[in-house]
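Each in structure tokens, the structures are laid out below.
Note that subunit A is present in both complexes that follow, paired respectively with subunit B and with subunit C.
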Partner chain A sequence: MSTTKIIKYQLQDVFRSKWVWAYALFFFAVTEALFQFGGDGDRVITSMMNVVLLVIPLISIVLGAMYLYNSREYIELLLCQPVKRSSLFFGLFSGVTVPLSVAFTVGVAVPFLMRGSEIGSILFLVITGILLTVIFVAMAFGLALSFEDRIKGLGIALILWLFFTVIYDGIILLIIYSFSDYPLQQPVIILSMLNPVDLGRILLLLNYDISALMGFTGAVFQRFFGSLAGQSISITAMLLWLAIPFWLGRRAFLRRNF
Partner chain B sequence: MITVKQLKKRFAKLEALKGVDVSFEPGEVTAVLGPNGAGKTTLIKSILGLVRPDSGIITFDGKELNGDYTYRERIGYMPQQARYPENLTVKEILEMIRDLRNYPEVQDEELITMFNLQSEMNKPFKTLSGGNKQKMSAVLAFLFCPDVLFLDEPTAGLDPIASSKLKDKIITEKKKGKTIILTSHIMSEIQELADKVVYLLEGNLHFVTTVDSLLDDTGQPNLERALASKLEGVAA
Partner chain C sequence: MGIPPNYLIPSITELPKTQGVNTMKVLINIILMGAVLAFLPGLAAADGEITVGERSFTSLSEAVSYASDGDTVWVDGGEHTDTPLLIEHEIALIGLNNPVIDAQHQGEVIRVNANNVLIEGFTITGSESSHIRDNAAIRFDRVTDGIVRNNILDDNFFGIYLARAHRTQVLDNKLTAYGTREATSANGIHAWYTNDLLIRGNTIKGHRDGIYLEYVEDSEILRNEAEGNIRYGLHFMFSNDCVYNGNTFRNNGAGTAVMYSENVDMHYNLFLDNWGSSSYGMLLKDMRDSRITHNQFIRNTAAIRIDGSSRMEVENNRFRENGWAIRILANSPDNHFTKNDFINNAFDVATNSRRAYSTFDKNYWSHYSGYDLDGDGYGDVPYRPVRLFSLIVEQNSTALILLRSIFIDLLDIAERVVPVLTPETLIDENPLMKEVNR
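Up next, the complex of A and B:
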């Protein structure tokens, strides 16, 4: 009951901030530019994939953490009203994830729809983007609630982003290179499940069937599971990636001294 | 109205409250005083449910607090620094809090007119001056005619006119039988408003006394001097 009320006012506030519109405009501009430079729909999707996998985790984790740090006094005030803590947590969480997801979806979809593409063609790009948004905002909330010091919290957020988008792939490559004499399929599958960005990449690659760009983990995944099972497994693993940080963050929020 | 028994709270390194017993009665203004780090904020936040105490019992109107949040319907809180969603207007924020409280029938909008806030109603919160933010926060604390009022440095940042209007309002509400808990650094203000002084020191209750008897016992002309002479010899 009070959850929906909090979400309502939260959205009313956030949709008036400039950063939401800037975020939507960014995705619109990049997609539009890719079309202008002569790409057809499929090639634009392939390029957008890399933008989505890099930019969404970064913006979601940084904005999510900053948002929670900046809302500290507001959280205190609302907790002095007859409001449940769990309602407030869910309200704040939706207050970031919904605007970010809507801005991303609109920004990407408009250039495609203007050219008469069907919404189905970008469906998986949008789903992956939204899943990554929610996962990284959940991580950001967990961080912001665990570290009092905002500089520390934001620093760790950036390190996490760098880890999942860049360093992790390096580690996998290093393992593949060092143990090239051994069968590596299963360990690599397990390793890629432990990284939400890898999961997002696999999900997109399996769907758009761009095997040339698939990389080692993607190729292994497809050979091992086939497309459909691969997709279901990667979506399930991503949902776990969503549930665990969300649950940890919620638990910290319920126990916290404000 | 509110009783606190053997309240203890420890943060990582700091023992903020070491077993405090205190009570707040209707029709009284109680000032909670003490040096920085004495546990004032922790005590108030424990009653408000923002801080989870390690042990001890807090009762509100005879009922023990056990994680239920509905008792806050009867509390008005004016924080030292208020921050609301930046892009919402004053009107929308008032509407939000009314909505969260399920639109109580009896509402006290007197402070809106007293502070001339009508002209600020359609301005976004982030464009308000510090004083107007403080006024809005006072309006919200008194709006739902709560039985208990927590006022944390209520006059800080207010101009003298608004400040004296707010003090008048506090006295009016006290006479209506409200329980009022006040913190302030301005001793003359406490002398003017408070009936009782609760003095905390290093997480312990140092003393509780009425303002009048504090002045009588020490024979000093004002509260600041009286407190100073009472605390002489204690590292403050």
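Up next, the complex of A and C:
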């Protein structure tokens, strides 16, 4: 059985379930509501930023972990067949990330396209959303494969989500205050690269929220993240964030004694 | 071929000296000149021909020194390098077909030492950059009632320099300079100890300050555009009772610096894209009793920075997408902000004190999240425009990288519920639910 076949079955299975539709509907409803209250597209995008940065990591990491815990029997059944473990892992992974990404993209894009916005204007929002989805599903798979106990696994998933979205920034602020006598701009740039949520936030800020680029400090950050080198470094960091959890999860899956 | 001067243009003394120039009259003059020229092909075709009354000249400086009070010097095209050109009589110097006066970066270009002088229709270029002398393209020195109109001033050190030149009018000129450093470039329109000026419809690019006024009173600065100047678009000090209407300040080192003056009116101006480390749309430094209304501030690092200023009325302005809409220091009491729109600014108001010495009332704030149950158009919950994060950034600018982070938003919400660090009394009690100045 090939990878594509597994993916096909996976997708059929997932699209039959209700949560993907609920997920798409959620993004559609939020975007639509923002249009109804707020008005123009730029403002909706900046408001969607926080939704994307908060909700996508949470849903991806929880659903990813739950999904793997729940398909335990299905995995064991398939592993009895002549299927390569790596194809199965890739199939499972795509089976979660593709529907989540599609649901998010459609949910956000439809209200914009209905109002005649160009697809280019929300491209960065969509790309950041998809990258975060993939990154956090990869983390979830890594967790679910490392912890047998699903309560423990889900608990750690939640803590991880809280860490990346909230606690990490608190730590950065603490560092900034503790070492305020030193030039901190470069260390802070590096620190924010070590968190995919921060990285996504900064990339979105620089692309959509011009008022963030203010002052000397803003100019330093802008010079880095706005330049071609800075952009490619941050995209590379984002891709590393994608590759490392995926690779760790895959390794755990290959070695796991089911 | 000569032209009877009285027929073509009223002598300069007849030109309106009041601040509203009769544009109709100017227009008729121009049309008249054009019509006459069309029937005088000999003159129109002559390149570089200079005439004063019946006489014609080959050298501009000779013509100018020949002309006596009330004469008009006509210059038809050509390039003239006999500078500096000294104007010692009450004459009109009028260029047709865009004649060029070029100082070739040697000293100054035109110096006016007589009252009632009109300079119109020239391209004036090449006043020398200097650390010692204030070389200008056109300099009025202790003379009054001059008019500088429809000239192109290109690549000069100072553009138009007015020293004790009361009642001068500077109208519809285009000034461009190419300086890169403050020290080696100078101001576009520079006025010093001069009252009753009219500066209208000029475009100033690439100078140090676009318009610089020092000890200038009772003057009007209307509909000028200052773009890409190295320091300020408009800079004035010790200049009371002036009016600034309908000007545009775009992408200057800092928009405008408004200092040490009283009773100033600034209305319907546009402040755009003044970005930079210590940049702002408008700096109010030690100002008193002035009115700032109906202006638009869009995409400035700080839209208005207020330092040591009091009794300013800030009304009906629109602040959009600025880093800070208003940065007000505690040394600025009794300022009043009302009916302004604050839309999508990273920070609406920042201050360095826990007490509020100025009042905010009936403004629209796009960050306001309250409700209006009684439907009177005012939110039922007061709005606190100072965020905790703006205090953090004030103390530690590196923290700016956390802007819009969820952690910071949580901190802000907590602070709004129970203000501990932000000024308790800096409140808009009646935040508007809808924008007022669309």
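Just so it is clear, the second predicted complex is superposed on the first by the 241 of 258 C-alpha atoms of A that agree within 3 Å, B and C clash if a C-alpha of one lies under 4 Å from a C-alpha of the other, contacts with A are read in each partner's own complex, and residues count from 1 in each chain.
By our rule, a contact is a pair of C-beta atoms (placed from the backbone, for glycine too) under 8 Å apart; a residue touches a chain by one contact, two chains touch by 3 or more.
Bear in mind the structure is a predicted one, so any value in this text is a computation, not a measurement.
Trainee: Quick one: is A:L79 in contact with subunit B, with subunit C, with both, or with neither? Answer first, second, both or neither.
Mentor: In the superposition, A:L79 contacts subunit B only.
Trainee: Which partner does A:T128 contact after superposing on A: first (subunit B), second (subunit C), both, neither?
Mentor: Neither: A:T128 stays clear of subunit B and subunit C.
Trainee: Under the stated touch criterion, which partner chain does A:N207 make contact with: subunit B (first), subunit C (second), both, or neither?
Mentor: neither
Trainee: Who does A:Y9 touch here: subunit B (first), subunit C (second), both, or neither?
Mentor: first
Trainee: Would you check which partner chain A:D169 touches, where first means subunit B only, second means subunit C only, and both and neither mean what they say?
Mentor: In the superposition, A:D169 touches subunit C alone.
Trainee: Identify the partner contact of A:S17: answer first if only subunit B is touched, second if only subunit C is, both if each is, neither if none is.
Mentor: After superposition on chain A, A:S17 lies in contact with subunit B alone.
Trainee: Using the touch criterion from the header, give the chain among subunit B and subunit C with more contacted residues in subunit A.
Mentor: More residues of subunit A are touched by C.
Trainee: For A:Q231 in the superposed arrangement: first (subunit B), second (subunit C), both or neither?
Mentor: The answer is neither, since A:Q231 touches no partner chain.
Trainee: Determine, under the contact definition given at the top, whether A:T97 touches first (subunit B), second (subunit C), both, or neither.
Mentor: neither
Trainee: Quick check on the complex: what are the subunit A residues that touch subunit C?
Mentor: Within the complex, subunit A contacts subunit C at residues 43, 46, 49-50, 53-54, 165-170, 172-173, 176-177, 180, 184-185, 188-189, 192, 198, 201-202, 205, 209-219, 221.
Trainee: Quick one: in the complex, what on subunit C touches subunit A?
Mentor: Contacts found on subunit C: 275-278, 299, 301-302, 321-324, 344-346, 392, 395-410.
Trainee: Which of the residues in subunit B come into contact with subunit A in the complex?
Mentor: 9, 11, 45, 48-52, 69-73, 75, 77, 79, 81-88, 92, 96-97, 99-101, 124, 150
Trainee: Applying the document's contact rule, which stretches of subunit A touch subunit B when the two form their complex?
Mentor: Spelled out, the residues of subunit A in touch with subunit B are 2, 5-6, 9-10, 12-14, 16-17, 71, 73-74, 76-85, 255, 257-258.
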